[in-house]
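Sharing a structure with you now.
Just so it is clear, A, B, C and D label the chains in written order, and each chain counts residues from 1 on its own.
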Amino acid sequence: METPSLRSEMGWSTADRITVRGMDLCQDVLGKLSLGDFAFLEITGRTPSAAESTVFNAVLAVLVEHGMTPSAMVARLTYLGAPESMQAAIAAGLCGLGTTFAGTAEGAARLLQGVRPLGTDVPYDAAEAADTAARIVREHREQRLPVPGIGHPVHKPVDPRAVRLFAIAQENGLAGPYVTLMQAISQEAERAFGKAGRLPVNATGAIGAIASELGLSWKLCRGLAVVSRAVGLLGHLAEEIEHPIANTLWVRTEEASSSHLVPKEPQ
Amino acid sequence: METPSLRSEMGWSTADRITVRGMDLCQDVLGKLSLGDFAFLEITGRTPSAAESTVFNAVLAVLVEHGMTPSAMVARLTYLGAPESMQAAIAAGLCGLGTTFAGTAEGAARLLQGVRPLGTDVPYDAAEAADTAARIVREHREQRLPVPGIGHPVHKPVDPRAVRLFAIAQENGLAGPYVTLMQAISQEAERAFGKAGRLPVNATGAIGAIASELGLSWKLCRGLAVVSRAVGLLGHLAEEIEHPIANTLWVRTEEASSSHLVPKEPQ
Amino acid sequence: METPSLRSEMGWSTADRITVRGMDLCQDVLGKLSLGDFAFLEITGRTPSAAESTVFNAVLAVLVEHGMTPSAMVARLTYLGAPESMQAAIAAGLCGLGTTFAGTAEGAARLLQGVRPLGTDVPYDAAEAADTAARIVREHREQRLPVPGIGHPVHKPVDPRAVRLFAIAQENGLAGPYVTLMQAISQEAERAFGKAGRLPVNATGAIGAIASELGLSWKLCRGLAVVSRAVGLLGHLAEEIEHPIANTLWVRTEEASSSHLVPKEPQ
Amino acid sequence: METPSLRSEMGWSTADRITVRGMDLCQDVLGKLSLGDFAFLEITGRTPSAAESTVFNAVLAVLVEHGMTPSAMVARLTYLGAPESMQAAIAAGLCGLGTTFAGTAEGAARLLQGVRPLGTDVPYDAAEAADTAARIVREHREQRLPVPGIGHPVHKPVDPRAVRLFAIAQENGLAGPYVTLMQAISQEAERAFGKAGRLPVNATGAIGAIASELGLSWKLCRGLAVVSRAVGLLGHLAEEIEHPIANTLWVRTEEASSSHLVPKEPQ
């Protein structure tokens, strides 16, 4: 039996050369590959085509900034306590990108790739998508599980991000079987649950479908959210440095949480 | 006195519209702004020019992938224990981007911006840079402090990443006073310490200088490393999923660390 | 409908008084409550009896120190990069206490509490335990799922920690229905799988059973591991400060991972 | 030159035995050593005396629970997003125990141990303490630096936690030179700054002094806070599971932060 190895293909360097994913960092990457395209190289081992680049960067861009989310609050509150380690503030904010939020894109991609494994090469037609969608919705309904990737509390009757992502995929020739199936699931769910216009494909459903079109395993979908949100959290910390709110947020929350406990001062 | 506020300008959304940093996400960002350019928008509040985009993405790209670093090892070992939360594996890896590694770009930028505050508009000439550099090197020498941004244990006589970053900045009209000063510091240090060809500007020195040219506060430099390395850590986790090494790394390390403790079995 | 509230009962303070969980910190806690007993107070809202204290601290103590685990390696490697923020090194180490390791105590407790909800007051006899155990083992076997809380790659035919924890629980009058059931599951699994002496209750199974005896929800079991391991990671960092190994670990791993990539120097 | 080693003395195990810090886990630790005493063993390599145990556990207990702090908010908000990984929620909360909060005990201990290194065996008298205190206060004043360990925004004229910790140390024969010096610094600062009754030794000053009496390096003081607060954060998560507030906190904060941005609906 072969001895387990520690081999990695990610990168190496000598005195005058740095190689990443087989490419010369200084000659082939710096000044030529944008951060988003470098992310594609990191996870697939190859640089994206122009079409893939546009679509992949759009997927990442959807996840960067969602306003004052829990993860943004966490990064700011952590920076308040540990301004010496901005890295820990961003890390803390990322820790909350779990099943409740980022996990839904993962769930959608997993569902789609379970039906049609990555690398499948046979054609796909709308009728087959409708059949599969009907089965998926029925199974989730029977087990009283939510169908991943559809519905949104605010964005109704459609999630404009999903609409735009699908359009970008279409323009770039990357709207294939996974997009078809995700859309069929939404239509079937709206029909089966009698909720016309209330169970659109949402942003995470679109991300799960398009990541699948790009050949990315569902296991990495959560990581896409993490990478993108790291960018957004840096933005929040840049604002926090200029216009801090974390201390005010703390003071107000502490007051609201404990005012019922503190005995009133005697008059 | 005004009541402290929780106001933020980062983003907001309604049923049919999402706005980030004042831009319409669906119309103006998706499909148009790459991840790196979005990062520039997040921290400066405006989109970069083409020249700024090239230079800024090059700075980010330098920091993405350094091979099997401690942060990559940490991400892989964390994923081994908690595969259910990839976000925590990346976060754990980012926690180590502190003063030893990512902090050096911060230090270089802080030094440069201490001499010439961001927004300074007066011209800068080489003679002034040489004088300032001489003073900086003298002061660090007297206090026996390392000068941030120069020297590298492996990359000698030059750090090829710094050379390339400065060339990219030059080509894009963004090699100004901070680059001049950083280079003067390296020359002066080599002279003063009698170490010709051994104290070149290193990658973090170049990053500190160019971030300053882009108008980015030294307080954000560590964050640039965090954002970039998040991309690299996702790459390492993608490889770890396909070709896991963390368990082998653990077993070998445990054996190496405790073999002197375990009593030999009686024969 | 009542407005959702931010109320918390954890603690509050005024100029001359600090109250935690309803107790006066200075008068009733400091000098009287050990860290482990304070943990019991924090999660249950009351101080433990002497018997509960002994058993609860034993559960915590099992989880503190397991030698050079991935979480210990992570804490050390993170401290190497960010010595300015020891908090982040410990936090990074804790991030890996997930489903692979700490999650197994959670799984055992969840299984037991699913069969017999916390607070159940009816008696429990060995025959009932055997029946339930047979059903549980059968169901896991049919679904090809591992039964949580039994078996260990190293500790065979028994896990000495589980044996000792059960003895401590017994001595303190806290070995009740959950312990009975956990032991029955092990016996039934060894019988059903034909693996006599190879599927003992392991440490995490014992922890899950005893946490249930103490009335602690399975949802908190992973947290017990986190609290205990935080203590162990501080120990590893104390050793790392005195006798650092992280840099050597890094250098060796980098070499082992990339030596196949680096071109040989021409002779 | 000796090859750098990965040796560790923390622990090891074989099939029937687990040893931690040289002690047999099952025979000598479980049921005998409380969590706090185990922490002492982990960082010093020996078990505490009864007096040391009382004092050390009191130091830890001071740091467990401070009500709705930023770190508690962070843990709750992270759990909201990633309920599958409680470890990451606690880790995120710990990331903020940096220079602003936990760092002050570190600063006080560092100051004290700088004046009188650990292990110093010569006697110490009040007059020497007063001289040293005067010098320390003068130096901090000249450099406009805050003196670590004194003053508190709420707890005035004394911090009752410091008073109680010093009393516990006294009762246990552990109020020695470091406590004397810390108290002298407070007195001198109140005199020099003309702030009688407003610069008492605070809780972190007392912790820094007493940790020094226990022989613990200032480098570990932040880690004591981390270990203790991990306990407190588990308490907050236990409450969050029963009575969640994180979602309400998010909704309120998002509303407060962005209401000025959202255009009013046309009437």
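Going forward, a contact is a pair of C-beta atoms (placed from the backbone, for glycine too) under 8 Å apart; a residue touches a chain by one contact, two chains touch by 3 or more.
None of the values given here were measured: they were computed from a predicted structure.
Undergrad: So which chains count as neighbours of both chain A and chain D?
TA: B, C
Undergrad: Most remote chain relative to chain C, going by C-alpha centroids?
TA: Relative to chain C, the chain with the farthest C-alpha centre is B.
Undergrad: Would you kindly tell me how far, in whole Å, the mean C-alpha position of chain C lies from that of chain A?
TA: Roughly 31 Å separates the two chain centres.
Undergrad: Would you mind pulling out the distance in Å between where the CA atoms of chain A average out and where those of chain B do?
TA: So the centre of chain A lies 23 Å away from the centre of chain B.
Undergrad: Go ahead and note the Å separation of the Cα centroids belonging to chain B and chain C.
TA: The mean C-alpha positions of chain B and chain C differ by 37 Å.
Undergrad: I need the residues of chain B touching at least two other chains; which ones are they?
TA: In chain B, residues 5-9, 11-12, 14, 67-68, 82, 84-85, 87-88, 91-92, 95-98, 102, 245, 249, 253, 257-258 touch at least two other chains, as defined above.
Undergrad: Residue numbers of chain A touching chain D in their complex, please.
TA: 67-71, 73-74, 77-85, 88-89, 91-93, 95-103, 245-246, 249-250, 253-254, 257-258
Undergrad: Across the complex, what residues on chain D touch chain B?
TA: Going by the criterion above, the answer is residues 5-9, 11-12, 14, 19, 82, 84-85, 87-88, 91-92, 95, 253, 256-258, 260-262.
Undergrad: Could you list, by residue number, the parts of chain C that touch chain D in their complex?
TA: The contact residues of chain C facing chain D are 4-18, 20-21, 25-27, 29-31, 33-39, 41-44, 53-54, 57-58, 60-62, 64-68, 72, 85-88, 90-92, 94-98, 102, 154-156, 160-161, 163-165, 168, 171, 217, 219-220, 222-228, 230-232, 234-239, 241, 243, 245, 247-249, 252.
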